[in-house]
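Read through the structures below before going on.
In what comes next, subunit A is part of two complexes: it sits with subunit B in the first one and with subunit C in the second one.
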Partner chain A sequence: MMFNSNRVRTTEKIENQFNIVRTILAIAIALGIAFLLIMTVSETPLADFWTLLSGPLENRNSMITIISKAIPLLFTAIAISLVYSAGQFNIGAEGAFFAGSVAATAVAILPNIPTIIYIPLSLLAGAVVGAIVMGIPAVLYTRYNSVTIVTSLMMNYVALYAGLYVILNPLRDQAAGFEGSYAFQATAKLPSVFTNRLHIGLFIAILVVMFAYFLLNKTTFGYRILAVGNNPKFANYSGIKVNKNIILVTLLAGLIAGLGGSVEVLGNYNRFMYTDFTNHGWDGMMISVLCRNNPKYIIVGALFIAYLQTSADTLNFTSSIPPEVINVVQAIIIIFVAANEFLKRWEHKKIVENSQKSLAIGEIN
Partner chain B sequence: MFEYILTADFIFSVIRLSTPILFAAMAAVIGAKADVLCIAYEAMMLLAALGGVIGSAYSQNLIVGMLVGIASGLLIAGIFAYFVLYLDTTPLLAGLALNIFGAGLTVYIVFLLTGRKLDTSVLPSLKFPDVHLPLIEDIPFIGDVISGHNILSYFAILTVFLVYYFIFKTKLGLQIRAAGENPEAATSAGIDVKRTKLIALLISGVIASFGGLFLSMSQMPYFTTNMTAGRGFIGIAAQNLSGGSPIGTTIATLVFGATMSVGNIAQTFRLPSQFASMAPYLMTIIGTVVVGMKARRDEKKIKHL
Partner chain C sequence: MNSYLEKIEQLPIGNEILSMKNITKIYSNGFVANENVNFSLNKGEIHGLVGENGAGKTTLMKVLFGIEEPEEGHIELANETVKIENPLNALEYGVGMVHQHFMLVESLTVAENMALGHEPTKFIKFDKAKAIENVRYVEKKYGLAVNPEAKVRDLSVGYKQRVEILKMLLHGARILLLDEPTALLTPQETEELFKQLINLKNEGYSIVFISHKLNEVKAICDRVTVLRNGKSITTVNIGEVNETDISNLMVGKEMDLNIIKQSAKPGDTVLKVRNLFDYNDFGQQVLKDVSFDLRAGEILGVAAIEGNGQSELAENLVGIRTIKEGQIHVKNELINNLTIREIRDLNVSIVHEDRMNTSASLNQSVRENLISDRYDTKEYSNRGILDTTKVNSLALDLIKEYGVKTHNEKASVRTLSGGNIQKVVAAREFSSFPDLLVVSQPTRGIDVGAADLIRRKIIQLRDDIKTAIILFSADLTELISLSDSLIVLYEGELVAYFPDSLVVDEFILGEYMLGIKKQTDEERRGVIYDV
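Right, the complex of A and B next:
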């Protein structure tokens, strides 16, 4: 009996080890392909590749950039990991982030609101709009069984164009000389922390990550979400209201994604200036996949993607290599990490060997 | 505004705008019949669009351009199929990754060839010809609507019938449907399910590639980055709305094309351009609701029986 439980634990250990090996190998393959791509453009491929790997480590400024870039990614990654945990392929975080930032802008430029409630009200507006954008596909799924991926994708575009309309018409500052909103009220901007390039969004993001971890692992609601995600039929038989929980978790995810958009614009900009998708939603999805929807790892994942993006920017600055090379790297990493059968045979062999070994020990005793 | 909609020009533009979506939608029909949730059509179209431009620019031969374009689209379809079918990757994630991959790689290649990242207008790429149908051309109204389209628009319409015939009348089509609907039964009937799905995905890759070729070698005279702009997704939505029948999917596609066209006209009436851009996406969501409501009503009727 004792050996049995021992064996189970080591099998799990091997599986975990292989998950790490898979991730590292995926990153290695992706970087290998990046090197090949760099060779086609660059005359000094080795030096440029080195910049891609280590560029951001060379100065303190880039370290701050990495953290600053990771903040919005934490929101979208958590949002996606929540809906994915419930088995919902809702990719509306992109639209929720964008629309959320527009809603926050709309509040942050209003004159004559009492100073103290500027920030809470702006953030709230962004979060609520984000929840609406992500929530609609969930309602359509539960009511009409429509395919969530398709509707949430379409919602992204609707949110994008609706947001752009609001920014470029009622909220547009004609005096700005470019396509942007009126400037935010000074009191609506998020206060800086540590340096003037970081803001309290950092703490909000960390709180959101902790909240999501707690919610998924320590609460009945979290248990229900995971049950619905694992097997909706079984969850239904065991008395969990599947549709209600799907809608609730999606609304929560939308709140978080919208909050992320609000934090990003109020923390880093003086006015709204996006003219297209910001890609935070897609990047968040990637992080969520890398971390297997587990909030525990999402901080590391977000820092990793932010690192890659920062080094791509550095590379763009010091050489002629387009930063899009990093999209290729990211895509290759995801597709390998998401490939369940990648290295599976090797893993099985290890597990079998290990089981045989412990069985043999058991027989001797 | 309505006098603008009931014109030959309007219907002509609906057909033109629907062409790339129709290719994507037909690709999605075959993918859905094989029961593979593929969202990588966007990437297939994008790579095919660029491949066609590069192939035709360097060879100055339209057929070579077309083949290079199809090969580029097939590359994405092949990678998708390999990862999904043989490495057990979640199809959604594989599709997502490939879309990001395609968007990044095309920008990279455009930069590599032209030194700029926006478009390939400096490359002397070729265009597919427009076709003026003799006799029909001279019929008032009908001639203006039907004649003068790009050769690929006619091919798109032909593709609808080819796909219909392929799925419902050929052995391979039957095998694809069997592999999609009931893989266990298909296996026991001696069908290699994975291989059948692979073939289905490659065929849909070829069809989607034509959508890409239309974008960069007809609708526009060159490749611009991210020129697919979600058309692959709208194609999936059209397939989804009609439950996968080729004819129903075509109707849904034409509705989207008409929405785009109305949006373009509305823009000339100083309706903000964002509403025109939003129209097809909003239409998709509305369409989903309408179809969903009808399905619910039917369900209730069945229960009453």
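Right, the complex of A and C next:
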């Protein structure tokens, strides 16, 4: 029996609307608190707050900066949303991103590789190493039932320090005068697009987002990922190999995070110069939470976070406001978005009203 | 004793003690569980509350017990409007509820459980002696024997229920709400319970009795209120109606409760189980040397009290549990080392007893739930890419064929009622035309209409597809009338085989299920045709 649902909304529609309201309200509250913080340190709070809101829009350069900052975030956010879709709290994207950039560096500085395969080989190396970093916790979980959030957190440090060791020893360019690797071969660098501050990584990132969306919604593998993530008992009962699919999706996520690391270094730098975590993995987690692990929203989410970070930089140049204000804003947003009970009473009231409306016009439940 | 309890005490038997007026309750998922429901209870009566699953019986009682807050309506107790905020508050008004799933702490003793919420103390310490004394007092007062020092986890289901009822009485309940109290009881335990309830009634206690078993309602209740689709349909004196009348009121149309089926025409052996043993996580034996055969076009019922190995047997048959000892053949293929996928590929369908956590994925859509066994077959996908058009039309067809009440195929399964969730499960598992169907508790806790549909579909599979069906059900009436032959498990052992289910009744089965009787080896060996 199907009911005509034109006149009344379905409960799910209301739930979706509330998710959007929750997100917008979270952002508003966070900005409100940011304003209070700015008041405590600034003599011109209104002007500074305005810079925070609109700074990046004032010139073309900042807009390019936003896009440039969003590129790596797309990779990590997609990686995280894939593992979260499978119900795995694997937070290894940070380490996978870092290790991926190291592996890409190792290939990109090699002399005498045929020109055309420089880029593909470097990217591949980064992706494979990223898959290993994120994949190990998944194997440990499926084999020994270890706690993924802990093992993946630890793997991040393994990736960081192992990566730094490689960069600062075999790959270190003593002549550089600072801690960095040898310079990349010119043919290993990603070609620029539109301006010399953007590179083809932009297109790779967009392709990755589209691929993830297609994978989750239109393929049998995506079906398996969501079944495992929503209810592993049901997946197992249906004949889906739960552990195998957890490992596969985690490896894929690691590939994407590692690829992101490779794209980032080969697109923006002449040599490897990181000395610590880049925070792209953590930011990717935040975006994934903000977008409820749905690739459909991730481009907007990544641009939003990139926007905030760009305004923080602008503020840093033009005022005495520390850029950390933006970290506070981000944290508050996440707290409210992740707080399921936030606005629950209001949502309940709306759903009740809607149901009463549908009762009144004689549609039964 | 507060003023309300005094008033209740003084009220003459037969007067209205409680009245719920125009109760409307809507859940946060938009489900309208109660719509303008009116309900009235007299002092010293047993009042049946019946209705299909999702009709709103449990919700109404939760409102009365202060667990759910109604959107509209009010409650009158001894003619005074009261607001019941929470269960402790409900008990102050003399209202006590015994849930379908017991609210007992397994690792604590009977006395400790009964004291919870109103713990007697000595200084700041829990006064165990006083708690035990309290139990002894009510135990004597109501003639319900319990051992206050026994650990709850060691008790049988019927015993636990006695503890729950006593607990409510100890805390001052004068009105008892019993939510499907007999669902898990053996016929013998049910009889015992009924005696106790009638005693309480004679003492002036008022009881609301929720049940799906209309013969029990008929046997014990004075009046019955029928709910349908969240609305109160009518309240009648039990003498004025028979079971068929009640059932018709529940579903709102004439419904034949009898299962009509021809006698089976069994074909070749499809399922062959030999010397199956199994052990639980604690190393205790749960299946002991079980052997039987099941033939095409035959329904074999498995009767057992919960926890006697039937769940483990069902899971062994389909690969959810690994087979530890013994062999299982499906269509002459040894399945001991096959995965669930490989067993399903032998054309085996599974309806698991745990509908909410295993047979369905509540947060996914009806459509996604309907394709979980076939999304990757050639028909619905091509090289790993889903054929959305075919998937959608399959979903729409099955929703129509099984009469699943849902907004559309994209609605989350969690927004459906229990009966409709089970229809989704049955639609998926039955529509693949299985050679072997392992079906557990197909109609547990669902409405008469949905149950009837599912039973008819099972018989249809047997007759049209020649499916071999093994049926696990706690509803003995259903088990006896649906099955062609029956086996009984007691403590993991096959203790009886009845080639013809027509010759047994619930009491005969009950004796084997309780371990009072056991057939000879000769009789039990009859279940092995394929030597």
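By definition in this document, the second predicted complex is superposed on the first by the 352 of 365 C-alpha atoms of A that agree within 3 Å, B and C clash if a C-alpha of one lies under 4 Å from a C-alpha of the other, contacts with A are read in each partner's own complex, and residues count from 1 in each chain.
Here, a residue touches a chain if its C-beta (ideal position, glycine included) is under 8 Å from a C-beta of that chain, and two chains touch if they have at least 3 such contacts.
Since this is a predicted model, take the numbers as computed values, not measurements.
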Have a look at where A:I334 lands relative to subunit B and subunit C in the superposition and call it first, second, both or neither.
first
Most subunit A residues touched (candidates subunit B, subunit C)
B
After the superposition on A, what does A:P322 contact: first (subunit B), second (subunit C), both or neither?
first
On the A-aligned overlay, A:N112 touches which partner chain: subunit B = first, subunit C = second, or both, or neither?
neither
Looking at A:Q174 after the superposition, I want to know if it touches subunit B, subunit C, both of them or none. Which is it: first, second, both, neither?
neither
In the superposed arrangement, does A:K233 touch subunit B (first), subunit C (second), both or neither?
second
Quick check on the superposed pair: does A:K218 touch subunit B, subunit C, both, or neither? Answer first, second, both or neither.
second
Have a look at where A:I149 lands relative to subunit B and subunit C in the superposition and call it first, second, both or neither.
first
Overlap of subunit C and subunit B interfaces on subunit A (superposed complexes):
344
In the complex, the residues of subunit A that touch subunit C are 1-3, 5, 10-12, 14, 218-221, 223, 226-227, 230-231, 233-241, 344, 347-348, 351-352, 354-356, 359, 364-365
Of all residues in subunit B, those that touch subunit A in their complex
37, 39, 79, 83, 86-90, 92-94, 96-98, 100-101, 103-105, 107-108, 111-112, 117, 230, 233, 236-237, 240, 272, 274-275, 277-278, 281-282, 284-285, 288-289, 291-293, 295-296
Residue set of subunit C touching subunit A in the complex reads 24, 26, 28-32, 35, 71, 229-230, 320, 339-341, 343-345, 350, 352, 354, 357-364, 368, 371-373, 375-376, 381, 384-386, 388, 399-400, 403-408, 410-412, 415, 417
Under the touch definition given earlier, write down the residues of subunit A that touch subunit B in their complex.
37, 40-41, 89, 91, 136, 140, 143-147, 149-151, 153-155, 157-158, 161-162, 164-165, 168-169, 282, 285-286, 289, 322, 324-328, 330-332, 334-335, 338-342, 344
